[in-house]
Amino acid sequence: MSAIEIVPLNWYLLLSTVLFTIGVLGVLFRRNAIIIFMSVELMLNAVNLLLVAFSSYLSDSKGQVFVFFIMAVAAAEVAVGLAILMMVYRNTKSSDINILNKLKW
Amino acid sequence: MKALILLSSLGVITLLAEIFSFKKLLYPFVLLGLAATFVVNLFDWNLTQNTFFGMMQYDHFAVGFTSVILIIAFLWFLMSDSFFREETSVTDHFALVIFALAGTVIMVSYTNMTMLFLGIEILSISMYILAGSKKDDLNSNESAFKYLIMGAFATGFLLFGIALIYGATGSFDLAEIKIFITSHEGTVPAIFYAGVLLMLIGLAFKVSAAPFHFWAPDVYQGAPTVITAFMATIVKTAAFAAFLRLFANTFAGVTDTWINIVWVMAALTLLVGNITAVMQTSTKRMLAYSSVAHAGYMLLALLAVNNLSTSAVLFYATAYSIGSIGTFCILHIITTAKGNDNVDSFNGLGKSNPKLALIMTIVLLSLAGIPPTAGFFAKYFIFTAAFQSGFTGIVLIAIIASLIGVYYYFRIIIAMYFKEGSDEAITVQTSHKILLIAVAIATIALGLFPDFIIRMF
Amino acid sequence: MITTYLFYFLSFLAIMFALMVVFSKNPVHSVLYLVLTFFTIAGHYVLLNAQFLAAVHIIVYAGAIMVLFLFVIMLLNLNKETEPHKGVWLKASAAVASGLLLVVLVGSLKGAETIVATNAFNPNIGLIENLGKTLFTDFLLPFEVASILLIVAMVGAVMLGKRSIK
Amino acid sequence: MIKLVYLVPLLPLIGFLIIGLFGKKLSKGLVSVVGCGSVLGAFAVSLGIFFELTGKVEKSVTIDLFSWITAGKLSIPFSFLVDPLSSLFLLIITGIGFLIHLYSTGYMSHDEGFSRFFAYLNLFIFFMLLLVLGSNYLIMFVGWEGVGLCSYLLIGFWFKNTAYNNAAKKAFIMNRIGDLGFLLGIILIFVTFGSTSYHEVFLMAKNFTSGAPVLTAITLLLFVGAIGKSAQLPLYTWLPDAMAGPTPVSALIHAATMVTAGIYMIARSNILFTLAPLSMEIIAMVGACTLLFAATIGLAQNDIKKVLAYSTVSQLGYMFLALGVGAYTGAVFHVMTHAFFKALLFLGAGSVIHAMSGEQDIRHMGGLKKYLPITQLTFLLGTLAIVGFPGFSGFFSKDEILAHAYEHNKLLWVFGVLGAAMTTFYMFRLYFLTFKGDFRGTKDQLHHLHESPKNMTIPLMVLAALSVVGGLVGIPEVLGGTHFLEEFLKPVFEDSSFRLIHHLSHETEYILMGVAVTVMTVSLYYAYTVYVKNKTLPADESQELKPLHKLVYKKYLIDELYDNAITQPLNFISGGLHKVIDNQLVDGIVNGVGTVVNWTSSKVRLVQTGNIGFYIFVMVISIVLILFTSIM
Amino acid sequence: MITILLIFFPLIAALMLLLVKGEQVKKIALGAAIIEFAISIFALIQFQHNADVQFEANLPWINSLGISFHVGMDGISLLLVLLTTFLVPVIILTSFQNNYKNPSLFYALVLSMQMALIGVFVSLDGFLFYVFWELALIPIYFICLLWGGENRAQITFKFFVYTLAGSLLMLLGLIYLYQHTEGTHSFNMAALYKAGQGLDAVHQGYVFVAMFMAFAIKMPVFPFHTWQPDTYTVSPTTGTMLLSGIMLKMGTYGLIRWILPVVPLGVVTWGHTAIVLSVIGIVYASCIAIAQKDFKRLIAYSSIAHVGLIAAGILAVNVQGLQGAMVQMLSHGVNVVGLFFIVDIIQQRTGKRDLGSLGGIRNVSPQFAVLFLIVLLGSVALPLTNGFIGEFLLLNGLYQYSAGLTAFAGLSVILGAVYMLRSYQSIMLGEVNNVTASFAPLTGNEKTVLVILCAAIIVFGVFPKPLLDIAEPAVARLIEIAKIK
């Protein structure tokens, strides 16, 4: 008994779009690099949800497999990202994105 | 495929070098490996059948770009041995660069969104790291940081696009998508177009096309010069190959959705890139902007979706990469010698190091697109391609832009020959000499006999 | 019927928690809300017959990634006080921008109903064997390539993480 | 002999080359020998040609040397035309040329530019001969500009003096104005007739109806050239200034030969002019006005050479009047006689100046009769000749012109007679003030006074003789003579003859002569009373003159007028174009582009704020826009 | 074959020179230039007097784009090649007494410039033409940049970008034509002619504008001339001579070879505008020349005036006009080189160029005065000098197009005399002043050069026929092609 049979695909589309946008909002809204990072994760998850929805609607497993790769990438990105954050923090003692704007013009 | 396998194994071996401690031999070994890869890669020519589970295909396009990338990589290694000497974590650098190369190989040969995605990510992630590889240098940190955040953000859109396209077509495979487009003439669901646009945005970010270019100047300036060179040449080439593979081929059926946007992007990129470069004091940043501008030229070829565009982009990428490697190498030498990368640190180079100045002049002329250098033909092919598809307006813009381009490239030439500077000559190490001579010869040779690259396709 | 309600409920929670992630003052709270968001999304996966994926999702995200986040936040001991904030105007413009984005996205995402499922409905695609089959036949190459990705990440993280010897 | 015509210009050319290249090394004697010898040789050849021609039936011979310019159907040979007209001019040029060369050997003997002077003179002779010998308009033009060049060089011969250089420049440029007209005329001739050689042009011209606009255009353009070269209104002002050159130059170039090139040109193309009555009228009017205008100025001048200069302008006016009324023979006749007596007068003036050691102001002369007897005598003869004293050469030529003028248009005749009266007055004023009365110069000038050496006086005498008897070649049949010149020149002018029906009865002719003679005598007498009886002297610079007198004395301020109306505006315009239009506007636009680029760059780069938040914000906005366009 | 030799010999010589150091560089360069001249003379001897292209060579270059290394000479090309090969040794000789630093590079650049120029004149392939066209820009830019006068940097740069802008437009035009060649596209001249004439009037107009801009800037024609006086003034005299004596002819040659036959209708549509511009330029430049104090600058402007007349004569499209253009190109080359050399001599000795501070040189160096006078007469087009032949034919040709314009253009005959005589007077005549008092007599080299030039001026003024005969058939054929079908 799958939700996709009852709930129209559009709603999932809508839901993931909203989540995605909230992610974007987060990126725009906050200055803390870590929160921004989390918002990006949120965006990725929105995409995941969309993929899963599609895959089960099309009853095609490729979509879900793709989600695995996204997860892998997300994990990798987070690992590297946080490492970089740590490095920056080590030098600036801050995780504020606005601290770093020496490079401009 | 062979190239991919070789490269990944080469990367693993370099990692092992840490353990079995043959770091000393690593540098020549890697050069050897690259050479071997290059040779092996050529064997894939005309083996168009071998698609690996429809994931990647080694067609002429792929082989062509791979070989170009490998050549550039080889030159790049010649340029940046210092990068592998002074640092503590040598093997990591080797590994990252080589894996990045593996990523590029995937990007030029993918036939499936999954591979595209993975390729881009492998490349990007290693770039994030390498950009930040000067751990105590704030600029390096900043560039890595900016690159990372904006890159990740852009990836989100790319993925959203992929997802939508999957939703519409039920597949990640380029061939199938193409078939879907042709079969569903007119009944293609709207989300597919949305997907195409979102992917366009994602890729536009990777090739640093305006208005998604903002990361490029800062990141280029902050990153260590060698890494900047890597980004400006290899990364850009690979990104454009990926771009072309997807849009000039798979999405060629739905040009109406994206052509105008690319038109505007190209125009913006050309103007912003060139105009902003004019007033830069830091040569490195200036080159960063110029590389943005060059992306604009290559977008022209993408715009003209015709038989010429592939070879045009390939030639342009080659000419431009060779030129950039040359310039960055000299910039590297100057920066290490003079301590800063301002334009006036080139003053009097014409007197102190005439040969260096000469080569710099040649490559700058090539970047400015003046015959008989490779850069001229590169621009020529691009313009012809765009012209043939009837994009006269953008070609005119491009011409104006390239005139502005001449403006800032010649600032360096004038500085070298006209301004008075310190007269003591800078000593150039052998590997750099080899590299520079090779670059100069290649630039002139490609300028005089551009035919053999064109005939590849 | 129940599933519909469940869908509404989970969607509501997901959106709410997501918003909380963005708006809560304290980074730690944000992390926790994000974890909750992931749980709701996992719930959606279950609803969509992607049980295995749901499990993996919980393990990877809630189990690994978020812990990493939490760990870092603790390490840098970020909290309400240290938390930097943008000015009102910037926040407003951010809200407006994302609002617009939502509008255009929704606007451009019409026509999903025209999609026709080519192959007959099969509730078992989410099961481990199906996924495994696809992953290790069609997607073998990406699977291998992903390993490169992970090595890169690993090497990179280590390289950046360790203090350079001076 | 005619076959050897190329020798005529060649000899002076060789002379020029020898003197020009080796002048420094040669002795003055050798230089004078080469200089005079070459011209004498040319004269001999011309003489031979003249006699052979008189004997021949075929009156015009063309000698081709080589093909000069060819482009498409334009083909211009470098060839000479020997016919009565040209051979006559050959004689005048080489003959008088030789005499003046001879004279110069004495006159210039103390000048360090001796050899340069003779080089220039020979070059001038060469070009002048080219001018009259050419068988097509372009060769004529070559000579035409060539003599202009030589005139430039010789006027500015004493190149250290800025005033002289300016005079030279003025002469050249004013000639250039005329030359442009001439050149355009030649081009129009080519465009119309497809050729520039006299024979073909005149042959085809016959098919045109009288008064055809194209012919009027051509003739007017040619006439512009003549105005410039022969110093007619309004381009005459260079000639008086040209007196800056050494006196022999004034005699040769600015009296005898070069300035008459205009007359030669019109006489040469008489058929074209005859077919363009309008042009003829204009020429006649211009001539008449010039002769009167210049004469009035001559009345009040005190510089001996200036007086002669204005009289030259005036005499040239007579010639144009003659041409204008169709009396081509008369014009040529007057050219010849004028060449004799005006050369004589100038040389005489030269010998005076020589004796007065450079003094040219007649107010400081007087009573030179007893110091320079020969000069005085010859000068007197010359004066009588120019005023047209019965029996003297000037009488016949002027009378012929007046007669034709009368029959053509009474008004012109009146002009002519008035001019004659004035001529008489100022010439005798000049003569009396110079030779009569008692000496008004300084002491050392006084005891420095001496008669000029032989090589200067001989030419004077020869010329005097010529100016007395020179008229005999053209005694009108009213006076029971056979007009030899008219007969001789008939072949040249016969095509135009249909226009000159000679219907003056003998009575009228006698009356006209009578009038002329009486007028002449009256004004002679007046001059005598004024300057000999009651010894009035021209006012010197200090005292204030009556307005009219002053105006005339100041030459109607024409030079000032030109300066204010042309030179200064030209300079102003050039300066304006340079500073304002070129530097500010045209170049400003070009540089403006660069400035704009820099400015934009300096502004655009500020968009790159370095703030991640801003970057992402812009990205999102652009994404919104892109998706938005796709929805539309 | 001989054409290829002509092109590449200077290049090889230039590369050789780079290896040589020291004083003898000058002599070697001169030797090379003279050999080159000898080669061209040999070509002249071999040349048959007919319209078709000779010494043709057609090597494959970029087949995939229909670009080939196709060179050859007809009368027109041959004359310009001769001009180049004649002037370059002269120019090198003029540069003998001013010792440029780093001579080997200097002369290498000069010779490579020569190579590019010859290439431009003999190309029978549109693309090749363009490449040589651009190639010529680089050496001269560096000559001016490295050895020029004060604030040369931006002036030469302006020159570079300005001309580059023009040539890029030309490239557009060529590409456009290329894409209208039938079959597998090709840049072959004949093909381009066909393509161009196939277009309708409007598009021919576009091509005309694009190409004309390039040539107009190079010549330069008013109002695209503002780079020229500055550049001529600031660059070393050798560079100025190359620019004005030869490089400028690239523009006029381009007009003849790459506009008239390619877009006849374009000429009809736009020719009038172009001619009017040129004629305005003639008078405009002459007027400005009058206002100049700096003699070098004055010559620069006078050269604008002369070129304007050439352009007008060419665009009148008739035999007289074109023949006149051919002769005038050569004469102008000789005269202007002479004039600039005179400037150089004066500057060498007195260190001054402004007319105000000079004067009376004739007193101290009469020979110089005479030679100067002859060159000057050539440039004011006195009959029996080469300048006259060209000017007469050009005016003649222009007259057949429009009498009014000719009369207006003719004003330059007067104005030319005005500024030339004025400058001659204030430099040569009058009393010597402290600047010119110690004016040394001419050296052997200087005398040789000036005598050679003066000889050329007079000889070709008296016997222009040979030149005209060489060009005649080619010109006739060109007009045949350019006639509106």
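Of note:
Going in written order, the chains are labelled A, B, C, D and E, and every chain counts its residues from 1.
Here is the rule we go by: contacts are C-beta pairs under 8 Å (C-beta built on N, C-alpha and C of every residue); 3 or more make two chains touch, one makes a residue touch a chain.
Just so you know, these numbers come straight off a predicted model, no measurement behind them.
The set of chains touching chain C and also touching chain E is given as B, D. For chain E, the chain with the farthest CA centroid is C. Between the chains A-C lie more C-beta contact pairs than between any other two chains.
Chain centres computed from CA atoms place D at the largest separation from chain A.
If each chain is reduced to the average of its C-alpha atoms, the one that sits nearest the average of all protein C-alpha atoms is E. With each centre defined as the average position of its C-alpha atoms, the distance from chain B to chain E rounds to 43 Å. Inter-chain centre distance (chain A to chain C, centres taken as mean C-alpha positions): 5 Å. Computed from the mean C-alpha positions, the centre of chain B lies at a distance of 31 Å from the centre of chain C. For this pair, chain D with chain E, the centres built from the Cα atoms lie 38 Å apart. Each of the following residues of chain B touches two or more other chains: 114, 118, 121, 125, 128-129, 132, 135-136, 145-146, 149, 153, 164, 167, 170, 191, 193-194, 197, 217-218, 407. For chain A, the set of residues touching two or more other chains reads 9, 13, 20, 23-24, 27-28, 31, 37, 53, 55, 57-58, 60, 62, 69, 73, 76-77, 80, 83-85, 87, 97-98, 100-104. Under the contact rule defined at the top, the touching pairs of chains are A-B, A-C, A-D, B-C, B-D, B-E, C-D, D-E. On the side of chain D, the complex with chain C involves touching residues 613, 617, 620-621, 623-624, 627-628, 630-631.
Listing the residues of chain A that touch chain D in their complex gives 24, 27-28, 31, 97-98, 100-105. Residues 145-146, 149-150, 153-154, 157, 193-194, 197, 200-201, 205, 211-212, 214-215, 217-218, 257, 260-261, 272, 275-280, 404, 407 of chain B are the ones that touch chain D when the two sit in their complex.
Only residues 594, 597-598, 600-602, 604-605, 608, 610, 612, 615-616, 618-619, 622-623, 626-627, 629-630 of chain D touch chain B when the two sit together in their complex. By the touch criterion stated above, chain B contacts chain A in their complex at residues 113-114, 117-118, 121, 125, 128-129, 132, 135-136, 138-139, 141-146, 148-149, 152-153, 155-156, 159-160, 162-164, 166-167, 170-172, 191, 217-218, 221-222.
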